[in-house]
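Each structure below appears as structure tokens.
Next, two complexes with subunit A in common: one pairs it with subunit B, the other with subunit C.
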Partner chain A sequence: MTPQTRRRVEFILDNLVWFMLIFVLAVFSAFIPNYFQPAIFANIIEASSVLGVMSIGLALVILAGQMDLSVESVAALAAMGVGILFCSAGIGLGIKLTPAWLAVPASLLAALGIGAIIGLFNGFLIVKAKMNAFIITLAAYIWVRGLVVAISGGRSAQDLDPAIRFFGIQRILGLPLTAWIAILCFVAFSFMMMKTPFGRHLKMIGGNETATHRAGIRVSRNLMIAFVLAGATAGLAGWLLTVRTSGATANLGVGMLFNAFAAVVIGGVSLKGGVGSLPGVYAGVLLLSSINTAINLMGLPANVTQVIHGLLVLAAVMLDTFKQTIRRSLA
Partner chain B sequence: MHRRTFMAVMGALAASAALKPAMAEGKGTVYYMVPTLLDEFQTGSVSALEMFLKQVGYEMKTLNADNKTEMQQSQMNDTIALKPAAIILAAVDFNALKPSIEAARAAGIPVVEFDRQITSTPSDFTSVAGTVEIGYIAAEETQKLLTAKHGAVKGKVLQVLGDPGDPYTLDIQKGFEEKMKAFPDVTIISKPAMQWEASNAGTIVADAVVANPDIDLIFSHAAHLSVAAVASLEAAGKKPGDVMMMSSNGAPVGLDLIRKGWLNVEVEQPLYAQAAAVAMFMDKIVNKQEIKAGEYDVLGLKSTVTIEAWGPNIKIPGAAITKDNIDNPSFWGNLKPPTDTIKAVE
Partner chain C sequence: MDQPLLVLDNIRKSYGAIEALKGVSFSVNKGEVIALLGDNGAGKSTLVKIIAGGQEPTSGRMLFEGEEYRAKSPAEGKAAGIETVYQDLSLCTNVDVVANFFMGREITRSFFGIPILDEKAMEAAVSKAMANAGTRIPSLRTNVENLSGGQRQAIELNRFVHWGGKLVLLDEPFAALGVEQTRRGLETIRQVASQGIGVIIITHIMQQAFQVADRIVVIRQGVVAGDVRTQDTNPDDVIRMITGESLAVSGTAARN
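After this line comes the complex of A and B, so read on.
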């Protein structure tokens, strides 16, 4: 194989998830009535915003060779926190700030704060107390959701403050601001992972924690930051969820953890850590969202959609495995 | 030192023994197996049952199955060992709980089905609004709304189901589609909101209104799904009334959406009456006395007890809530529990 051909193959493999996305969009556009239109593509990007932001945090800890199963529940708690504070109906307290736009930074701060505190707590138990990340975050997945039910009493908050809801309605270039927030997050975190020492160190830790420690890099500190960032991004995902649904219910976000994992894996992040990139994760999120939209538009019986969803995700992951096989044969 | 400890332990045991008769002063403890606490109807049912059962002398304890069938089965087994006065079951899965119901009854513990009717095995009492019947009422309201818009029963309806693994939503769908079958000019598009999660419903509605801009009515199987549907419609630039909307269960959020002009109809499940009926008949259930068929007044609602193959069954009529009758305090979504004390059926 000539070096030029090899480079081309490697380029395709590095960006396979994007090619898969383009292929899937082309097939759906060709065969599903009403799929090929700007409003549907805008819906795909908009529907990806919550899952996308949640997947960023999850990808960070996975890249660092850790695990965070709590992101879904953390997002739900942040959503419920914002809902209770800034919704005016149901269990919402309807807090009004003057000027009205102050509700935006205040609610963001609340959501990010809730997420960061839980991330810090998880990080402390995992990094400092050397407890197992899977168990600790699984416990958090359960107790944080329990806290959502406890503080809400199973009831919901709705009618979000218009200043916050503005982000779900106002559009720029056909996309709601929530979608732009997710895109900005991907750009910022991708830059952080690729261009800053912290990002590079995180991947090194995921690749070989002992070697990274011996190289003089502060592993514990970086891992703590990764958990706090995972919590904070989950909090932001919760904020977006509240904006998107104009309120919060006790079961908000249920099932998102598995989609986030699927997106991260489809996006090429190795569950063993150290391998993967955030743009790939975004492509994974968009791919899942495209599939969801396709299912929504197809006239399929309701009870088979979950099977189709699962099989399509499986196909995407199998393709990714195929990619790894080719890559190994090239090495 | 040892003697002091021994005396303290004995003292504590004596005190607890003295407390027991006081705790058992009522008619006994009833366990309520609630399927989930992630939904306002279910959380409302806990407080309503607790309130009405207390009025007739029973203490109630609640176990939440978190929508997990196997967890509810384990809870049933554990509760049977406690020998309570009765078990009230709102089954996660209508069929999977059959062996547990049979085991409880074999152990002499009466089982009451609440809200979710199980017909495959006998129970001591069933109190339901009828999930299929909710579908019927929704169909009648759909016919009225489409006629008002088009002059005839025709048009396009988006039906947003709950989780497709939940028999509750499938029964509503069954009832709704059964009644709508008579109108071939109505196209029904049915999509499930996985795990009853609101943002899933929002995505379905966002996609559907783009692909089918001619949708006349959105029927969501729970009011909280309508909240997300409204958010998606709002994001798509729609105003209240642009698309007709309806949902079921009568939760406070649904009533709120009617007041804001988004929702046309909310099909109510008579939560208070369903819970009150259980309490009214609890003495008869616990004492294994005969429950007679006939009409009974349950919180002012004319309800019918029939003796079915699966045991005595009280059916309480659901109601369509619109802006004309929304302030009726008997709707549980108004969160005004009845102030009158109920009386046990003699």
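After this line comes the complex of A and C, so read on.
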């Protein structure tokens, strides 16, 4: 095989999920009436913003060879925190700041802070106390959701401060600001993973922790930061969720964890750690969202969505194995 | 050769009542390849750990480049320029050759205060280091998982030399390699030594020892049972030193 063909095959393998996305969009556009229009595509991007931001944090820890099952509950807690502070109806306290726009940085800070603190707590137990990441974050998945139900008393908050709500309404180039925030996050975190030493180190830790430790990389510190970032991005996802729904309920975002997992795996991130990239994860999120939209447009019962998502994850894992076989034959 | 790179002087190590090393003395010169041979339990591993850091001798002293040397941890040994290379423990196969070469020591440019990887500078440095050592890797941008065992070993050794390593210890470096890979690995070791690096290679395979080593040091029951130039001996004599069937092959053994 010539080096040129080889490079071409590797390029296709690395970006397979993008080709799948284009293929799926083309098929849907061709066969589903009304699918091919800008508003539908804008809707696909808009609907993937919350899941997208949550998937970034999850992908970071998985790339580093760890696991975080708590992202969904952390997002819910952050959403409830923002809801209680800045909603004026239901259990909302309706805090007003002057000038009014101060509510935006204040609510963001609250959401990111809540996420970061739980991430720090998880990270401490996993990295410093050397406990199992799966169990610790599963516990957090449960207790953080419990906390959401407890502090809300099972009730909801409505009527979000208009200054914050603005981000869900104002559009640039047809997309609401919330979608732009998600895109910006993907750009920033992809840059971090590809171009900075920290990102490089995280990926190498996921590949061979012993080697990085022996090379003098501060493994514990890097992993702690990864967990804090996962918590903070989950917090941001919660903030976006509040903006989208203009409030918060106790069961907000239930089930998103598995969609996030699906997006990460479909996006080409190996659960073994060290393999994958964030742009791929974004393509995975968009792919899920395109399929949801197609199901809606075709008028299929929503229950089918879950079956298709499950099958997609299976397909993604099989595809991953298949890609590895091809890569090995290339070597 | 002005002064030896590393001198071991009467190194002893006991674990409670058990004496693993009973006074080991030998030296390694710059650019010299030493094959350390010995039966299982002869004390080779203990000796390697004492040299590279990780264990401290009970008594005796070491001189490294003429200075008193004692490493409490592998990190201290590494800082001095002595390192053990274990294949599976020192490469991240999920990233490319350049990333592995610069693991933890990346060249960066500052971009509004954010450190950004300078891939071009790093790639240039790696290709220069590889060229100097005469190692050929198809592409420095391939992930290490796509490379053969021999190529991986070459990367590790070149990296070691590039970052100022002076003495490298290799514990059974060819255990998992095929014939052709082993031949290339032995060539790499010769290339590394020709750059003035001291190499201690632990092996069970007599043929490899004779192919690559300048000197063969045999450890038996915690003492040096033989310290001979490769060209002055033959496999049968070395086996006798290892099993202890016949003494008086070398002066060291006779003294003990």
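Here, the second predicted complex is superposed on the first by the 314 of 331 C-alpha atoms of A that agree within 3 Å, B and C clash if a C-alpha of one lies under 4 Å from a C-alpha of the other, contacts with A are read in each partner's own complex, and residues count from 1 in each chain.
Convention: contacts are C-beta pairs under 8 Å (C-beta built on N, C-alpha and C of every residue); 3 or more make two chains touch, one makes a residue touch a chain.
Owing to the predicted nature of the structure, the values given are computational and were not obtained by experimental measurement.
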Q. Are subunit B and subunit C a fit on subunit A, or do they clash, once the structures share the same frame?
A. fit
Q: May I ask you to decide whether A:Leu330 touches subunit B, subunit C, both, or neither, giving the answer as first, second, both or neither?
A: second
Q: Kindly classify A:Asp159 by the partners it touches after superposition: subunit B alone (first), subunit C alone (second), both, or neither?
A: first
Q: Applying the touch criterion given at the start, work out whether A:Thr196 contacts subunit B, subunit C, both or neither, answering first, second, both or neither.
A: second
(Q) A:Asn208 in the overlay: touching subunit B, subunit C, both, or neither? Say first, second, both or neither. (A) second
Q) Is A:Ile217 contacted by the first partner subunit B, the second partner subunit C, both or neither? A) second
Q: Please work out whether A:Arg244 is in contact with subunit B alone, subunit C alone, both, or neither, and reply first, second, both or neither.
A: first
**Q.** Inter-chain angle, subunit B to subunit C through the CA centre of subunit A, in degrees rounded to a multiple of 10
**A.** 140
(Q) A:Ala78 in the overlay: touching subunit B, subunit C, both, or neither? Say first, second, both or neither. (A) neither
Q. Between subunit B and subunit C, what minimal C-alpha to C-alpha distance in angstrom results from the superposition?
A. 36
**Q.** Residue ranges of subunit A in contact with subunit C within the complex
**A.** 3, 195-197, 200-201, 203-204, 206-208, 210-212, 214-217, 274-275, 327, 330-331
**Q.** Complex contact set, residues of subunit A against subunit B
**A.** 33-35, 37, 39-40, 43, 46-47, 50, 89-90, 149, 153-156, 158-159, 165, 168-169, 176, 241, 244-247, 249-255, 292-293, 296-297, 299, 301-303, 305-306
Q) Which of the residues in subunit B end up touching subunit A in this complex? A) 36-40, 42-43, 161, 164, 170, 173, 189-192, 194-200, 202-204, 206-208, 210-212, 224, 227-228, 230-231, 234-235, 251-253, 256, 260
(Q) Show me the residue ranges of subunit C that touch subunit A in the complex, using the header's touch definition. (A) 74-75, 88-95, 99, 103-106, 108, 114-117, 138-139, 145-147
